[in-house]
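Structure first, commentary second.
Every chain is named by a letter (A, B and C) in the order it is written, and numbering of its residues begins at 1.
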């Protein structure tokens, strides 16, 4: 039940806003919630900048929803019409070129910022108790974002996308036991066809958004409930030495500022580096030179290319994929197996592992493009 | 009137917000209005009123990116075919005297079923469906 | 001893089964017997001793094909050479008494084939629609005349159709299929040593291969393009006469022929006995035409007869100007369209206008055969109009492209103002 002081504080808000608040509070008792939010603070220290990365990822997701909904008003998800409908959007629909390029660029930026967000929480060890599940839900979302990228890439039905999907689903099919079933499930058949397109479309605009939104909500609730993680050196400070900023309105306003700049960046990219249409996919033509997955899959793709065809008793590709799956699982479970204490001032093993991971991914990605 | 900093910031904020909202909403609202031709892959095209089309004549109609020859036979029936000759892609024409479709480039002839009956063309012309709805001629792809 | 009822039933059943089994066995045995005997008479009818014997002795004629058009309906060797294929005794099978005719001399081959092929009563049993005038046509041809005079080198039926691998012209393996005709004619006509005594060129096949028709026929497999027989005829093969060249070319190139025969030049050509289309375009080495062929330049065919300053010279120059004018505007418009496509703007309307302009260009080039600069100009003006519209449309798209950048600039301006305002507000708030 709202206390008198809460109510009074609420009613003290002038005008229509206050009356609306009163009306809602009467029915839903939101005053305690508002009070809780009012007192939220964000630690200020030299790593505060990384706190914004999650918000930017969220912003980009919202941009994707908005631009995606606009695109789906004109896009046709069947083999005969997909390519032409995208061409229609980019040439005939007013500002269609803008919405489409924003959607494509925002997808790439979102993957980038999600990785940055993930690594920044990793290196500040924000995944430690009590935030293990925040990390796990975050990792699940990272995987889904890459799934968004993979399914969305096929939708314009151009040559590169068609063959990239073929190669990608072929790789998925290599997993032992369940691989073929997964491949057929993804493709809607044995080959990449119009059925694949329809299926990917459904996954991209319905299945993934639903699951992602649910997990995102949980992730955000965790963050709001637990507050921001403080790096070790900040935790050791006495309370009066800690610098804090209120979440409302300071942090939020700063967030808005950053979001505005990111939006402008997106517009700049859309105008000066518009996304290509490509040539329409022809399932009967042979694969063009240089099929590549999108950049965020490149490190895996390049790794698979480097593994020899047979390693001991295992097929090289299978080994590679299993290795990545094990690595992914280990990464997701980091909060549970990472050593609790580490004496001395030397770098923790986990930090070294993280740095190695980044170096590996960067190196493989660059290598993939050089070849 | 001297503006203090607070007021200046407020005005800047209000004006900036309005301007920004306008520049953000204008493209979105514009996008929502459908273009004149509402679809990418053209499924059907309007080709004028029946009354304006004389018997035993033909017109070239634009069907998306492809030219289509729409002709009216002596008995008033409409027929439509791809207007691109299957030999070397010249645009065909209707010959009222021969009652056949003729390609001027190498004297190819097609009958009124689109079949290549004389000359170099190796294949018939693709047929399009013609329907008359409320006295308006509608050319569309064959089902 | 009295038997039990069950025992009785059992014994009767055993008996019945045994009898059934025996009768079945007997039936099977009898059937087996009848099957064991081969049907000797039927087997004997199927044997063609000509083929059988010649095959056995490895004496089949060179190039013999089972798919040969005479082998297929069962006419076989005896159908042409006579004799009795049912006898396996060579003395009987190949005896004159049985009608054996042996291998004919070259000069007798046309008559040899015409024995059947000029007889419609006979031929219609095998192919109701077939022509039977091949021999009479052949006798009118150069080959026919020379053969009658005793020249054994000229082509007779077997030279083109082969003797034992004859296939219908519609069959792609046939020596007289459209795609193979140039090679078949070229076997003699391209052999300089063989043709030395006749004093005619032997470079026709080489020239034809490089020509527009040769490339279309031999490289692109376009059977709409003419092979040797389409212009020269089949059995009555003769090069088209000077007055009929236009008709031959005009069979496909209708408009060109009509314009030409109605024109001043057409009449002049006929009067002077010039060779029509061939004068300017050649015969076997007809190359893809270019605008350079018309006009007063060094590649222009007009200059073969016309001199600087005469009426033809002036007309030629004007026609050239009109054509090249349209061609250059068209090329500009094409480049503009490609640019529009490259920057990702809408090029559909531009494409249509270009198509229409190109049609006008093709028609203008055909109108050259009227040799009337005004008629050519009428068409090139039409085409230029379309090409210019295409250029305008392309320019509009490029302009739009830049408008986007300006729009972006405006949006950035508003964003910057808002960002600045927010920044100031935050600062002010935190200064307190």
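Everything that follows uses one rule, which is that a contact is a pair of C-beta atoms (placed from the backbone, for glycine too) under 8 Å apart; a residue touches a chain by one contact, two chains touch by 3 or more.
Being a predicted model, the structure only gives us computed values, none of them experimental.
Enquirer: Farthest from chain B in C-alpha centre terms, which chain would that be?
Expert: Result for max centroid distance from chain B is chain A.
Enquirer: Of all the chains shown, whose C-alpha centre falls nearest the centre of every protein C-alpha atom combined?
Expert: B
Enquirer: Between chain A and chain B, tell me the centre distance in angstrom, where each centre is the average of that chain's C-alpha atoms.
Expert: 42
Enquirer: Report the inter-centroid distance (CA atoms only) between chain A and chain C in whole Å.
Expert: About 59 Å, centre to centre.
Enquirer: Round to the nearest whole Å and give the separation of the Cα centres of chain B and chain C.
Expert: 34
Enquirer: Do you know which chain B residues sit against two or more other chains?
Expert: If we look for residues of chain B contacting two or more partner chains, we find 20.
Enquirer: Any chance you could list the residues of chain A touching two or more other chains?
Expert: 92, 98, 260
Enquirer: What are the residues of chain C that contact at least two other chains?
Expert: Residues 348, 411, 415, 418-419, 422, 425 of chain C each touch two or more of the other chains.
Enquirer: Help me check something: in the complex, which residues belonging to chain C touch chain B?
Expert: Answer in residue numbers: 222-225, 251-255, 348, 351-352, 355, 359, 362-363, 366, 410-411, 413-415, 417-422, 424-425, 428.
Enquirer: Taking the touch rule as given, give the residues of chain C at its contact with chain A in the complex, in rising order.
Expert: Of all residues in chain C, those touching chain A are 344-346, 348, 404-405, 408, 411-412, 415, 418-419, 422-423, 425-426, 429-430.
Enquirer: For the complex, which residues does chain B have touching chain C?
Expert: 5-6, 8-9, 12-13, 15-17, 19-20, 22-24, 62, 64-65, 67, 87, 90-91, 104-108, 119-122
Enquirer: Help me check something: in the complex, which residues belonging to chain B touch chain A?
Expert: 20, 27-28, 30-35, 37, 39-41
Enquirer: Of all residues in chain A, which touch chain C in the complex?
Expert: Within the complex, chain A contacts chain C at residues 90-92, 97-98, 245, 249-250, 253-254, 256-257, 260-261, 263-264, 267-268, 271-272, 274, 276-277.
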